[in-house]
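So, here come the structures, one by one.
The following pair of complexes shares a single chain, subunit A, combined with subunit B in the former and subunit C in the latter.
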Partner chain A sequence: MKGGWNWFWKGGSILLLAYVIVRGFSTPLQPGLVSATPSQLTIAGQSVILTAVGQPFAETEDLPEAFEVVLRSGDQLIQTEVLEVSPHSVKISVNIPPSMPSRALDAYLFTPASGTLFLGNACFVEEAAKGDVPPAFIAGAPLPKAPELGFSFPYQPNIMESIRNLLWHVPMWFAMFFIMGLGFVASLAQLRTDSIQWDMRAEAAVKTGLVFGLLGLATGSLWARWTWGAWWVSDPQLNGALVTVLLYSGYLILRAAMGDDDRVGRLAAVYNVFAFVMLVILLMVLPRYTESLHPGKDGNPGFNSYDLDNSLRAVFYPAVIGWGALCYWMYTLRLRMNRCTHHLLSR
Partner chain B sequence: MNALLLLNSLEGFFFGSGKAHVVTGVALIILAGLALSLWRMDRRLGKLEEEARTDSH
Partner chain C sequence: MLWLVHLFSGFTAIGRLFDRERSNVRRYLQWTASPLGLILGKLFHAVLTTTALTAVVLGAFLLFLGWPQGIESPGKPGLLVLGAWLGGLSMTTTLVFVSAVASQVRSGSGALAAVLGLPLLLPQLILATRLTRGALADEPWTMLVEYPLFLGALGAGTATIACILFPYIWRA
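This part shows the complex of A and B:
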């Protein structure tokens, strides 16, 4: 019975991760506007092309009349006419008024199937005077249409397709937290009982957790390169993650340096308790009090309705369980290996 | 193609060219390899533990 349960959760973790990989890479991204061409406009009638990424927001046979585009300057809307529509772009004609509250124009594209697409600071009008938009140029209140999006991941500016990395990067850190927490408990128990069994558990947890910590750093660095344009930025969250991994590396160095010394278990346990407290401070407390590019910082929760939608949750939660179970499997293997080694050495 | 797409050539190209399926396939192969190696390690450790139990009796 126990063997059956063991293979059930181990196999389950692999099946969950297979589901995450297939679902994560095959789910389309909701459409989102990325650019307006030209972005510098003059006070005259002219045409602008708005381009989107993600799944198509229009069919090739759709009529332009079904779509609506308005440009917003301050709190006033400027009317446009939709000339052409293609699956990933829309061409509009717009008369730029001589005066407007702001020279920066935001674009809103209302689509029948994909809802409202938004692009902030889509265009700029250098020569426009400061003032209200003349009544002849003002658009009527648009009627947003309810989107009929299927199973798709939310579009986030800058992140775009790389939102799929959420299914790798974040669950890997969760798994690391989980297993380092186990190591922390094992070290406390080791200090209380002075039992080598708890020491072996703590060592196995730190070794496994470090693997996931390094994977978390690697996937985070890749993500940073794509969204922020640099492999590493000096940020409290990123630096805290690196320091945490280095701290736990110190745990292994300490053990290796002490060799067969009888005190290694207790000293390593004290170090591990200290390292876990530092992990909580560096990754969960300090970044919340500082400004950061990393989501969930500056006092905001990590995941909210803006970051996640139900489609993403349907893949993200299995990813958390799958990576967590895989991490625990690796931990049990490392622990059993430690026990076998101890048994052989003590014969 | 707009400036952003030219700058970040992965965007659009990834799904438009069918490369997403290649990435999915490679990731699944890596996962299968990892699962196989963990399973083999699990079985070997089981045998070692069995031998250790026999030794101690």
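This part shows the complex of A and C:
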């Protein structure tokens, strides 16, 4: 019975992760507008190309009449003429009315298949453009139709395709918290019983957790490069993560420095309890109350209905469970190695 | 502003040296004392040392460098002192714990204390410099009020953990 259960959860974690990898990389991203060229509007009737990323919002044979692009300045809507449509871009012609509440224009693209795409501050009007051009206001925007997008990941400005990293970066840290918590409990038990069994559990947990912590740092660094433009920024959350990893590296250094001293188990347990308390403070308490770029901190929730739609959830939750189970599996292997070493050495 | 950072790092270096040598001497001197009393005594000693050091470092800072150039407003001198004191306090309590752990290792305990202590001091150093910079630049209270709270909480937290865990180290 026990063997069956082991097969179930180990095989299950592999299957879940296979599902996560396939689904995470094959699912298309919903289309979203990224740029308008040129972004400076200078003359009347200027043509602008709006470009999108993600899955195509149009077929090549679609007619331009089916699409509509509206620019918004303050509460004024400016109608444009759609000239050309290609799978990832539209070409429009803009007439700027003489009076503008604001120089920045937001762009709305209404598509028959993908709904409404939005680009904030798409174009800017230069002063010279406010000449005697006939105004072209429209009364209201066409009602957006409910699009049939299929199974696709939500488009987020700036994050774009890198939203797939959510399936790697976040579960890494969840797995690390989980296994470090296990190590914390093991260390508490070690202090209570002074048994080598608990010490081996704690050591295996910390070693496994460190692997996931390093992977979390690496994936987070990649993500930061893409969204914030730097591999590392000095941010409470990031620094806290680095300090946590260094702290647990200190655990290994401490063990190495102790060698085969009899007190290594108890001292390591004391240090591990301390390290876990610091982990909770540094990663879960401090960044929430200081200014931080990281989602989920500084008072702004990271995972709410806005960021995490159902399609993403359908892959994210399996990812969390899969990585967690894999992490536990690695921990059991490490523990078995520790026990074998101990058994061989004590013989 | 950067002067403060430098001063603080020097400050922690002094604090670390002081504590390490003291802890070894005291360990042998107070062989018979109860562990809780011992750690409380060490922490109290750290508090006194930190207070004295804060006074010396801040006094020297203001004496030799004056109020930083280019800042017209008077800033928040009280908060500056409080930040320096609390920052130093949370750092020294952490160092007491780390050096207590490291002193149990037979060889190279000094180097070990430095290696283990460095990452732990990083967040406190960041918080403290952020706070003192804000105090010098006269930022509004609402932006700064959380920093002394955090430093105090970190110091109190590490002191509490040290008190709880120290008997386990000491029992050996």
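Keep in mind that, in the parts below, the second predicted complex is superposed on the first by the 334 of 347 C-alpha atoms of A that agree within 3 Å, B and C clash if a C-alpha of one lies under 4 Å from a C-alpha of the other, contacts with A are read in each partner's own complex, and residues count from 1 in each chain.
Note that a contact is a pair of C-beta atoms (placed from the backbone, for glycine too) under 8 Å apart; a residue touches a chain by one contact, two chains touch by 3 or more.
Nothing here was measured: the structure is a model prediction, and the numbers come from that model.
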- Task: Would you sort A:Leu282 into first (subunit B), second (subunit C), both or neither based on which partner it touches?
- Result: second
- Query: Counting only touches as set out at the top, which of subunit B and subunit C does A:Ala257 meet: first, second, both, neither?
  - Reply: second
- Mind working out whether A:Gly74 is in touch with subunit B, subunit C, both or neither, as first, second, both or neither? neither
- Does the superposition put A:Pro112 against subunit B (first), subunit C (second), both, or neither? neither
- Message: Quick check for you: in the superposed arrangement, does A:Leu191 touch first (subunit B), second (subunit C), both or neither?
- Response: second
- Message: A:Val243 in the overlay: touching subunit B, subunit C, both, or neither? Say first, second, both or neither.
- Response: second
- Message: Touch test for A:Val273: subunit B only (first), subunit C only (second), both, or neither?
- Response: second
- Message: I'd like to know which partner A:Met330 touches here: subunit B for first, subunit C for second, both or neither.
- Response: first
- Task: Could you tell me which stretches of subunit A are touched by subunit B in one complex and by subunit C in the other?
- Result: none
- Message: Quick check: in the complex, which residue numbers of subunit A touch subunit B?
- Response: 10, 14, 17-18, 21-22, 25-26, 28, 34-35, 37, 51, 53, 160-161, 226, 329-330, 333, 336-337, 339-340, 343, 347
- Query: Which bits of subunit C are touching subunit A when the two form their complex?
  - Reply: 97, 101, 104-108, 112, 115-116, 118-120, 122-123, 126, 146, 150, 154, 157, 161, 165, 168-169, 171-172
- Task: Could you please specify the touching residues of subunit A with respect to subunit C in the complex?
- Result: 191, 234, 236, 239-240, 242-243, 246-247, 250, 253-254, 257-258, 261-263, 266-267, 269-271, 273-274, 277-278, 281-282, 286, 289-290
- Task: State the interface residues of subunit B toward subunit A in the complex, per the touch definition above.
- Result: 2-5, 8, 10-12, 14-15, 20-21, 23-24, 27-28, 31, 35, 38-39, 41-42, 45, 48-49, 52, 55
